[in-house]
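The first chain written gets the first letter, and so on, giving A, B and C; residue counts start at 1 in each chain.
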Amino acid sequence: MMSGWETVIGLEIHAQLATSSKIFSGASTAYGAEPNTQACAVDLGLPGVLPVLNVEAVKMAIKFGVAIGAEIGKRSVFDRKNYFYPDSPKGYQISQLDLPIVGVGSINIQLEQGETKVIGVTRAHLEEDAGKSLHEEFAAHTGIDLNRAGTPLLEIVSDPDMRSAKEAVAYARKIHTLVRYLEICDGNMQEGSFRCDANVSVRPKGQGELGTRAELKNINSFRFLERAINYEVERQIELIEDGGRVVQETRLYDSDKHETRSMRSKEEANDYRYFPDPDLLPVLVSDEEIEAIRQTLPELPEQKCHRYINELGLSDYNADLLTSSREVADYFEQALAFAPGLSNLLVNWILGELSGALNKSDLDIQSSPISAEMLTHMLQRIADNTISGKIAKEVFEAMWLGEGTADEIIESRGLKQITDTGAIELLIDQVISANPNQVAEFQAGKEKMLGFFVGQIMKQSKGKANPGQVNQLLLDKLKSL
Amino acid sequence: MTTTIKQLQQGLAEKQFSSVEITQDYLNKINQHNTDINCFISVTDELALQQAVVADIALAKGTGSVLTGIPIAHKDIFCTDGVKTSCASKMLDNFIAPYNATVIEKFNRSGTVMLGKTNMDEFAMGSSNENSYYGSVANPWDFSRVPGGSSGGSAAAVAARLAPGATGTDTGGSIRQPAALCGITGIKPTYGRVSRYGIVAFGSSLEQAGPFAHTAEDCALLLQSMSGFDPRDSTSVDQPVPNFSDNLNNDIAGLKIGLPKEFFADGLNPDVAKVIESAIAEFRKLGAEIVDISLPNMGLSIPVYYVVAPAECSSNLSRMDGVRFGHQCENPVDLEDLYKRSRSEGFGEEVKRRIMIGTYALSAGYYDAYYLKAQQLRRLIKQDYVKAFEQVDVILCPTTPEIAFKRGEKIGDPVSMYLQDIYTLSLNLAGLPGMSIPAGFSQSMPVGLQLIGNYFEESRILNAAHKFQQATDWHLQVPEVK
Amino acid sequence: MTLKIEEVRNIAHLARLQINDSDVEQYTNELSKILAVFEQMKTHDTTDILPMAHPMDATQRLRPDVVNETNQRDKFQAIAPDIEQFLYRVPKVIE
């Protein structure tokens, strides 16, 4: 980043709300349906149809507003944004302009050095999604699928408070985690349920006035968000330093070439002719309704994270990881409920083995074949020395494949740790007498031979000898020779 | 001869005739006269007879309702499932509606019979039914004159006795004005009383559907069927619908009738004024108390309406883009060409003019001066009525400033056409119910009288109209239709 | 209030209407006449008056989040001008 320049970034995030039906009609919002099978008369904008507002969309928007400490628009209005495009069947999009459902709020993000920065949220409003334009299907035509038309969107607009791509990504991730915690959006960026547009501009350090911004679209991962912003910042700086001027325009991010390009056919100054939609009436929300929604809020990620650190003694890093997904946090807490004393083991196993197995099988934690209860029981067997940590890995794999509970597997495979001193001493004796040369080497001063003996003993015991006891008893034996 | 719906109902109940018989009778008359009057765009004879058969079965079983078997016509702005719905526009000339408007559903449940879809001004924009893709409509009283608009076809059909009742829509007077010019009764209910779902939208915050018939009594029956809360329409009012027929015969002695001086001033044809004066005298005889009132901001109705309605329609008609239904131009070279040619070929001149005006009024730089300003003035207009209704029960005035004008007379001058609605526009802006009833003749042409009620007081104006119609017989006069 | 021809062309474009060169002057005149009527509004003071987008003071009813529409694709596409592979076809749009 060239010195002397400051980057200013604002993000517009469109989160598809997880309602069953559309925002203004009773058609389904389910993803992946055959083209145009979920576009009813209202979604198609046929002559004579009218919109009726989905209560759940309103509740979800309010939920979000409450979670970011925002003012809730007690009287909000829907406006028509007029423009012609084939994926917008009515020739206008129903959105909210001057009186949105959610007003000013804020989000905290963690910076790399550990400090907290407050990012302002200007507003969040409800609007309807457009259909999909498919350009690859036909040579000289574009095909329009209107299944998506009418899906509720919550457009979350940030203040231009971010000063680097990393800050932007931190903010985007925070919002992403939050909407999933609140269960208002599934956050699936590949499927398009969570879309980030970035408004990027640069200005000389110290200048108060904002530079001309470009709007970056078509970004469907956090990695691309960071890259797109970085590319754009460099492009703008180079352009200005070469004597050019940044044009206010929309640019598409090309994830193959890792660059942004100007959108060719888009009209620059689109006069949307906003006016209040006469088919919809002002939405009134009472304090009681807002309070009722506030009562339904789950513990939010930030609160949860702090609690894990302060009350459970987790490290910042681990707490952050565990709370980044509500489902993972729920799993952890469920497990902890079965065995409150096992938090360290749980943290390690959830973030370690379980995460690894889930990633490998491309499953999310809700589909884990090993439930929180099952995992906890296995960890209890480690804690009570029934099995060693190493054997536990074998048990874990067996549980993953559905062989049964930890106890069943330990029993059927005979994996119980050998903790009987006599039995271990017998094994030690066997190994010592079988390896006189190595004993001699040890006695000659080669401390490393301990590892050899331990290995042999573990082999003999098929890994079941308690390592701690083995070490102790072996040392005693060798010393006494 | 005037046959009312009430009489048809009695005849059906007494088995004097069947629904099939009366339906066939009307279909024959339509067949005979439609070429001259041009009030029907589509005649749904097969469907009508099918419905009539079903109605007769219900009547025989005794499972019919009060309107079962009654033939009516529908303005071609109501979506009728499986039946062409053109809005008198080339844009929808090929549009077979894939669903029924709520009003149509309700009539179907009532057991009425659909004779056909009537002619209108294109997309409900006009006051003379001269803006139709299917040609203009003749006033049955004088073929050289207009029937009014935009529901000209429905009004002419009823006036020519080709249907005993018909539906229309009223955005700025489009039921009341043609009712006046054609010498029949028509009512626009309170905004929100009748569902707008399935009515091709023009001025969304202004329009309501309503019935035409020969009598207030018949209108009450039809309006009953049409009214009621519809969950598919967010602007539909969730209020119980009174039985409009219940209070028709109430004595109107002591009823306070207000005469707004602004509606009896310059611009009102003196002959028409005389007819209205006589009608007022009738109301006095019936015991009503006549009160002079003032609606000082009424003069603003024209600019306010002609900003708001076109603004809304410019947006409502954006969906007519040749992509999912309706007219598509041949061989579009690109998207812009598809839109521009489909729309320019599909829309008539008046529609294009209003879209342009509406687009302008909403455009950047002009929104405040035009759209916003108009909506502010709209509130003043409403407030005038609210104040007036503190003093009076009902307001009375002429429906139109003059009798039906000659075809072609005003078509070249949009502004003079707009002035026809001077007495009707303000009700749509305020959302109030209003009706027009025949009050006499001038130069052998009908003159209509407008009764304006307070919010949700359709019963009150129907009552006043009914009493007037019991004391007079203007509404029973029949034009000579050769 | 007279409109300039350029303004009329711009409005026509916003509304996706095509106006022939031979008609544009007539349009400009007609629209200007209508706009002249709007001038009457200027003389009225409307400071502090709330604009009225709806005739009644009603508020929006909220619909329960229930799927109650079935797939009627065949019926709706039967009336469409250009369908291919169940998609609405338009001339290629380049983004």
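One rule holds in what follows: contacts are C-beta pairs under 8 Å (C-beta built on N, C-alpha and C of every residue); 3 or more make two chains touch, one makes a residue touch a chain.
Not measured: the values here are computed from a predicted model.
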Chain whose average C-alpha position is farthest from chain A's own
B
Which chains are joined by the largest number of contacting C-beta pairs?
B-C
Distance between the centres, which are taken as Cα means, of chain B and chain A, whole angstrom
57
Please report how many Å separate the Cα centroid of chain A from that of chain C, as a whole number.
41
Measuring from the mean C-alpha position of chain B to the mean C-alpha position of chain C, what distance in angstrom results?
23
Mark out which residues of chain C touch at least two other chains, giving numbers and ranges.
14, 16, 53-54, 58, 60-61, 63, 72, 76, 88, 90-93
If you look at chain A, which of its residues touch at least two other chains?
41, 44, 46, 52-53, 84, 86, 144, 271, 273, 275, 278, 280-281
Among all residues of chain B, which ones touch two or more of the remaining chains?
95, 98, 205, 231, 234-235, 318, 321, 323-325, 335, 339, 359, 363
Once bound in the complex, which stretches of chain C touch chain B?
3, 7-8, 11-12, 14-19, 27, 30-31, 33-35, 37-42, 44, 46, 49-56, 58, 60-61, 63, 72, 75-76, 78-82, 88, 90-93
Which stretch or stretches of chain B touch chain A in the complex?
78-79, 85, 87, 92, 95, 97-99, 101, 196-201, 203-205, 231-235, 311-312, 315, 317-321, 323-325, 335, 339, 359, 362-364, 367, 371
Touching chain C in the complex, chain A uses residues 19-21, 25-28, 34-41, 44, 46, 52-58, 77, 84, 86, 133-135, 137-146, 252, 263-266, 271, 273, 275-276, 278, 280-284
Using the touch definition from the top, list the residues of chain A that touch chain B in their complex.
41, 44-53, 80, 82, 84, 86, 89-92, 144, 271, 273-275, 278-281
The chain C residues in contact with chain A across the complex are 14, 16, 53-54, 58-69, 71-73, 76-77, 84-95
